[in-house]
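Consider the two complexes below, in which subunit A is the common component and subunit B and subunit C are the respective partners.
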Partner chain A sequence: MSEKKLNQAKDETLSRRQLIVRRFFRNKSAVFGLGTLLFITALAVLGPYLTPWTWDLSKENGLDFNAFIDSPYGGGLTAPSFDDGHYFGTSQVGGDVFAQTIRGLQKSLLIGLLVAVFSTSIAAIVGATAGYLMGRTDKGLMWLVDLLLVLPSFLILAILSRWYQSSGWLLLVVLLAAFNWMITARIVRSVSMSLRERDFIRAARYMGVPTRKIISKHLIPNMASLLIIDGTLNVGGAILSETGLSYLGFGVRAPDVSLGSLIAEGTASALTYPWLFMFSGGLLILTVLAISLIGDGLRDAFDPGSKSGRKS
Partner chain B sequence: MGFIAKRFANFLLLVIIATTAGYLLAASALNPRENFLGRNPPVPENTINSILTQVNMNDQDPVLQRYGTWVGGVVKGDLGKTIFSESVNEEFKNRIWVSFRLLILGSILGAVFGVLIGVISAVRQYKFFDRTFGYSSYIILSTPVFLIAILLKFFAVFINEKLGFTLFYTVGLNTPEISGFELFVNSLQHMILPTLSLTLGGIAFYSRWQRNSMLDVLGSDHLRTARAKGLTKRQALFKHGLRVAVLPMATFFAYSFGLLIAGAAFTESIFGWYGMGEWFIRAVNTNDINSVSAIVLFTAILVLFAGFLADVLTAALDPRVRIR
Partner chain C sequence: MKKTLVLQIKSLSVTFPSESGTVNAVRNVSLDIFPGEVLGVVGESGSGKSVLSLSTIGLLPNSARVSGEILLDGKNLLQLSDQEMSKHRGRDIAMVFQDPLSALNPVQTIGHQIAEALLIHQEISYDDALKRAGELLDEMRIPRPFERVKSYPHEFSGGMRQRVMIALAIANAPKIILADEPSTALDVTVQAQVLELLKRASQLTGAAVVLVTHDMGVVAGLADRIAIMYAGKIVEEGPIEKVFENPAMPYTIGLIRSIPRVDESEKRRLVSIAGSPPSPVALPPGCAFAPRCPAYTEICDSKVPDLEAFEGDRSVACLRKDEIAGLVSAGRLYPTEVTKGHVKSTSDVKLLEVSNLSKSFPLLKGNVFRRRVGSVYAVDKISFTLEQGKCLAIVGESGCGKTTTLLEVMNLVAPENGRIVVFGKNVSELSKSERLAIRKDLQIVFQDPFASLDPRLPIGEAIMEPMEVFSVSKSEQLTRMQELLELVGLNPAHANRFPSEFSGGQRQRIVIARALALNPKILILDEPVSALDVSVRAGVLNLLAELQEKLGISYLFVSHDLAVVQHVADYVAVMYLGSIVESGAVAQVFNSPHHPYTKALLSAVPIPDPKVEKSRERIILEGELPSPINPPSGCRFHNRCFVTKARSETDQAKCASERPELRIVEGAEVSCHFPLLK
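Showing the complex of A and B:
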C-alpha cells in the first residue's frame, strides 16, 4: 500500500470523529443541553465556595440564628435575598437552602453518573454475551431480564431501603444499577446478534480467539456509540429513580440530602413558601432535560440516518 | 390457541417466582419487631412474640416456614393479616378500586392520546404541532411524577383562587356526605388532577415513540405501494400505515405499566388517595410484610397481564407472529 493511501485512511478515521463532533455542535438543542449541564456541574462543584453557609445542620455554619429574628414568616423562614447571603432563602429551622440544594445536586449527579456507568456496563456484558452465544445462554439471560422487568424496580428498592439506608449510599448505587440495566441489555443483545454474523467476528472466531476476548475486544467496542448514547440517557433515568426514592424517604436520608429529599421537605409548605422546593425542583428538571438533550444529540451525531432512535 | 396457552403458562410461572422473591426480600429486609421496641412502657418479649407469631411475621421462625404458611393461605384466597392484626383481604378490597380507576384511566388515556399526538406529529413533521408537542414531551419526560403532581396542585390552587370557587379538589376521592349526581361531579373534580399527573408522562412517552415509528412507516415501501395502487394519502395511512406503526407500542405498553404503578404510588400519596400505592409506602414504613407481599403479588399480576395483553394484541394485529 502506498504511503498516500495510508495517509488518506488516517484522514478518514480522523474525519469520522470530526464529523460526529461537528454534527453534535450543529444541533442547537444538544448544544443547549451541554451548556446547561456544564453550568449545573460547575454550580455543583463551585457552589460550596460561593456561600459561607453549609448544608450540614449540625455544623457551626449550618443554622442561621439571625434568620429567626429577621423572619417575617415565623420560625427560621426567610425569603431568598442577596443581602444576608441566603441566595435561596432559609428553611423552617434556619438552614441555608442554597447550601442544601448544592449538596443535593452533588449527591444526585454523583449517584446518577455512577449508576449509569454500572448499569450500562452490566447491560453491555449481559446483552453481548446473550446475543453472541445465543442458544441456551441467551434464553436463560433473557428470561432473567423478563423476570426483573416483572416487578417495578421502585418496589424492590423501597423494600430493600432498610439495608442500604443503614450501610450508606454506595449500596443504593449498586442496587439502583442492579435493577436498571435490563432494557439496555435487550438493545445490546439485538445489536450483538447482527454483529456476530459479520466477517471480522467470524474471522476472530475461526482463528480461535476465546469467547470472552471476542466479546470484550471485538463486540463491545463496536457498539461504543450505542453504549455512549444509552449510558448518557441512563444518567437521567437514574437521577429520576434516585430522587423518586428519596422523595418518599426510601433513598438518601437525613442528615444527608438529595434533590428528592429536599423537594419532599419543601412540598409540605410549597404553596406558601415556594423557595423551599422551587430551586431543587427546577434544577432537577433542568439536569434531566439537559442530559436527555445531550443523549439525543449524540444519537443524531453518531447515526444521522436513524429516525427511530433506540431500536430494540 | 397454543400460542396463548404457552404465554399463559410462562405468565403464571413468572408471577409465582416474582411473588416468592418479593415475599422473601420483604421478610428479610423488613423487621416487624422494630414496631414494638422502644415503646414506653416496654412491651414484654413474650407478648411481641405471640403477636408476631399470630400474624405470621415472627423473625424467630424460619423464613421458609413463614413463606409456606403464607402461600398456604394465598392459595385458599387468604392474604394473611397485617401487622395491626387486621385482614389483608379487607384492606385489599377497600383499596383496589381506588387504584384501578387511576391505573386504567391513566394507561388508556396515556396510550390513546400519546399515539394520536405521535401520529399527527409524524404526519406534520417539523411543523408547529410537531415542535410544540415535541418540546413539551421532552420537558415532561424530564420531570418526575411527584414534581408534576406538586406543580399541578400549585396550578389548581391558583386557578381556584382566580375563579373564586373550587373547580379542582386536591385531596381525597370525594367530599363526604353528598350523593347522586352531585357525588358524581364531585368525584370527577377530585379525579382530574391525579389522573392528569399520571397521564401526562404516558402521553409524552407514547407520543415520542409513536412519532418515530410512524416516521419509519411513512417512508416504507408498502405505503408507497398503497399510494401507487390509487389510495389517497389518508386512506393509505389509516388502512396500511397506522396498523403497522402502532405495533411496537404494544410492547411499550407492557413495559410502561410497571412505571405507571410506581407513578401511582406518588400520585396517590400526594393527592391523599388511599389506594394500593399509598398502602405500599405505608406498609414498608410499618414493616408490614404481608401487606407488602400482597401488593407485590398484585403488581406482578398486573404487569404480566399487561404484557400478556400486549402479546395477544400484537398477534391480532400482526399475522406474522401467530405462525411462530
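Showing the complex of A and C:
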C-alpha cells in the first residue's frame, strides 16, 4: 500500500466514541426519541415565557379570578382554550394548569435524569470494581450494599425530609440515588465476575493495562446494554418515587409542584375534568418513552452485533 | 457391475430462511453410499456437511426447506412424516454425535438407554435388552461391561461415552452409521481408540459408515471413498487414494497441501488458500470457490459447475477440470515456496528460564467450613529454557498442565515453587515498574480469537491498546497500527470495524498484530491455530514463521497438535500429567522418540495420506489421561505404558513405585526407566 493510501486510511480511522455517535444517528427511532426529549426540555425551559400566568398561587398572576367567577362549573376548572391564555385549562381554584405542568416538568425531568445518572454510575463503578478486584474490596463493598439494602429507605427519607426540604431539591436527588443503586450494583458485580475470566480481559491484564482502565474501557462498555436499560428504567422509577414522597408530603411540597404531585391531584377528577391530569400524565409518558428510545439507540450503538447500527 | 446401493441422495438442496437472506446450506448434492464402505465427507465449518448428515436422518429443524430425494431401499425418506421416519432411525440409519457429553441422558443409566433403543425396534424383554446392552458394551471394549450397564453417563469419561454412543448406534444393526465429527472433542490418544472402534463397529454389523469430519488425517486412515464439500456443494468425490494422490479440484489440492504433516522431516512453507469461505447467504454467481481459486478465469463466474465424472470412478465439480492437472505440473498452481532454510538471528542468549516450576490447586472439602484436604498438582517441577530467536513447543493432551505453565509465566509473580527468570531477572524479585517493563517484551496470543478481542472495541483501538499503556504518542500509535495491520495481511482501512465483522483467521491475525505492537522479544502462543479452519490455519502458521524470520522473535508455543508443532518449533517438550516426559530438538524427538508416551502420541496423530496412514502400525494406548487429583504412583505413565507391560515383573514393579528422573538419552532429555533406543 502506498504512503498516500496509508494516510488516507489514517484519516478515516475513527475512535470508538465517534463510531458510537455515527451509529446512534443512523437509528431513526433513537433520533426521534432524542428529538422528543429535546422538545420536552425546551418546553420545560421556555414554557414560562409562553404564558402570562405563573405556577405560584401566592403570586399576583398565579390565580385567575375571572376564570374562577365565570366558570360554568363554578369555581375555576375552565376547559383548555387559547382565548383566555389557559392552554391547559385551570384548576379548582383558578390556577393555570399549563404553568403548573411546565413547573412540574422541570422538577421531574431534573430529578428523574439526575437520579438515573447518579444511581447507575454508582452501581457501575461499585459493581465493576467489586466484581473485577474480588477479595477484600469485594467483601467490603458488598457489605455496604447489603447494609443499604436492609435499611428502610422510605422511612429514612421521610425522617430526613425536613432537612432536604429546607436545603433544596438537589439533596433529594442525592438521597433518592443513594438508596437506589444497590440491586443494580449486585447484578453488575456478577456480570463483571464472569467477564473478568474472558480472554480479552486477561490479555489486557497481561499487556499491563492498569485496573482503572480495564474497568472503564473493557468492563463497563461490555455491560453497556445492561446499564443503559437500568438507566432508562431508573428515570421513570425516580420520577415515581419522587411522586410517592410528594404524595405523602415528604417530597416536593405545595405550593411547589412536580409532575407526580400534579398527577396525584388530578386523578381524582380524571373522568370529569380530564385536563387536570391528562397533560402532566401525557408528558410523563412521552418523557419516559423518549428516554427509552434513546436508551435502545445507545444500546444498539454500543453493541457491534446489533443490526441497526451496521452498514459502515 | 452395478452394486446395490444402501442409500442414494439425489440432488438434495437445503435452505434456511434468515434475517439477512436465504442460507444455502446444501446445494444440489448427489451421493451414493454402498454397503459396508466407509465414506468420508470432509469440509470446513459451514460447508454444509452436518446439515447433509442431519437431513439424511431427518433431524433438520422445521424451518429448513428441503428439495431432492434421499432413497433408502427405493423409499424417499424426505417424504416420510416424523413418525414414519422414527421407524428407520436407529434401525436403518444410526447416528454418532460429536459431543458425547450432551448426547447421553444424564439421569438414566447407560444400560437403560441402550435397552431403550433396542426395545423400540425389537420385540424382546427388558431383561434381555439389558443383557444385550452389556454384550454391546463388551464389543466396544468397555471393561466389566455387565457391571457398567448400571452406571450413569457422568461416571464415564469422554472417550468411554463415545464408545457407548457407538454401541448405541450399532444396537439394531443398522445399514448406515452416520458419524458426525465423532472424535473431534477427544484427545489424540483417545481419538485413535474411538476411530479403531468405529472401524470395528462397521465390520461387526456390515454397515456403511458415513464419516463427517474436517480432519483429513482421520479420513485418510479410515475411509474408502471421500467426498469433499465446499460452500454446500460436493466439489470432488472418489476413491480416497486417488483423490489424495492426484486431486483434481483446486480447493482439494490446496486443502491437502495446506496441512502440516507430522511425518515430514523438512520444514516447508505451507500452501495457503487466500481468503476465507464465502457466506452461505451471499454466494458468488458461478463456482463458489472462484474468488479464492488460483486457477480462476472468467468462465468460472459464468455458471455453477456440476459434479461430473472424471477419470472413470471419480467426479469433480470444476469448469477447468481438464486443464488443472497441466497447471499443477507446470507449477502454476500453489507453487511450493522453498524456505531459505532458517536464516534466523539466533544466539545462545537465554530469554526465559524456568526451573522446577510447580503449581498446585487446593482440594477443598466441606460446605460450611471448607478445609484443604490435599493438593492437585497441575504442574509438577518442570524446567525449560527458551533461547533468543527459537521456538519452543510444549505439547500434551488436555489437562496435562501446559496452559497452566503459560499462565504462571505470564503472571510474573513468584511461583509457588521453583524459579522463573525472564530476560535475566528473577520474577520473584521484580518491582512494579520492572514488571511492567517486562510486559512490554512478553506478549501472549490466546487460543480462541473470538474471546480474546473485546467485542465492543474497534480493532484499531484494540491494536493500539498496548501502546497506550506505554504512553506512545497518538500519531505514532496510529502509524504503527496501520503498519501492523498491513504486516499481518489485513487492510488498514478496516481499523474502524468491530471484531464481529472478521472471520476467525482474520481475528487471529488481529490478535497477533496486537501482540506485536511493542516489538516483543517473546511471544507466547497458546494453541494459536486450533480454533481455526484447516484452509485458514496454514495462512496463520505461515505468518508466524515469516514473522520469526523477519523480526527474530522467540516463541513459546503450546499445542496439542503435533503436526503443527513439527512444523513451527525448534525444540519440543512433551508433557504428561503435569511433568515433562521428554524434551529435545524437534527433529530428534519426532524421528526417534525415547519415551513410550511420545511414541504413542506420535503414532496416534493421523497423517493426511491414505497410503502411509493405512499401512503404518499404530500404538493404541489403553485408557485415558488419569485425573491429576489421583495420579498413579511411580512413573505416572506406567498404567498406560505398552513398554512396561512387555517387561519382567521386577521391572514393572520399578515403574509402578519409582518416579523416573529426567536424564539424557541420545541427546534428548527423557524421564523413563526403560527408554526406547534407536
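Here are some notes:
The rule is simple: the second predicted complex is superposed on the first by the 195 of 312 C-alpha atoms of A that agree within 3 Å, B and C clash if a C-alpha of one lies under 4 Å from a C-alpha of the other, contacts with A are read in each partner's own complex, and residues count from 1 in each chain.
Operating definition for what follows: a residue touches a chain if its C-beta (ideal position, glycine included) is under 8 Å from a C-beta of that chain, and two chains touch if they have at least 3 such contacts.
The model shown is predicted, which means the values in this text are computed figures rather than measured ones.
Judged by the touch definition given at the top, the superposed model places A:147 against subunit B, while subunit C stays out of reach. In the superposition on chain A, contact is made by A:202 with subunit C only, not with subunit B. In the superposition on chain A, A:222 contacts subunit C only, with no contact to subunit B.
Of the two partner chains placed by superposition, A:184 touches none, neither subunit B nor subunit C.
Of the two partner chains, subunit C is the only one touched by A:19; subunit B is not. After overlaying the two complexes on the shared chain, residue contacts for A:302 are found with subunit C alone; subunit B is out of touch.
Residues common to the contacts of subunit A with subunit B and with subunit C across the two structures: 307, 312. The touching residues of subunit A, counted against subunit B in their complex, run 146-147, 149-152, 154-156, 158-163, 183, 236, 240, 243-244, 247-250, 260, 263, 267, 270-271, 277, 281, 284-285, 288-289, 292-293, 307-309, 312. Of all residues in subunit C, those touching subunit A in their complex are 19, 410, 436, 439-440, 442-444, 446-448, 451-458, 460-461, 465-466, 468-470, 478-479, 481-482, 486, 491-493, 495-501, 511, 514. Residues 14-15, 17-18, 21-22, 25-26, 29-31, 138-139, 141-147, 150-151, 153-154, 157, 212-213, 215-216, 219, 251, 255, 258-259, 261-262, 265-266, 269-270, 280-281, 284-285, 292, 295-296, 299-300, 303-304 of subunit B are the ones touching subunit A in the complex. Across the complex, subunit A meets subunit C through its residues 1, 6, 8-10, 12-16, 19, 198-200, 202-204, 206-210, 217-218, 221-222, 224, 302-305, 307, 312.
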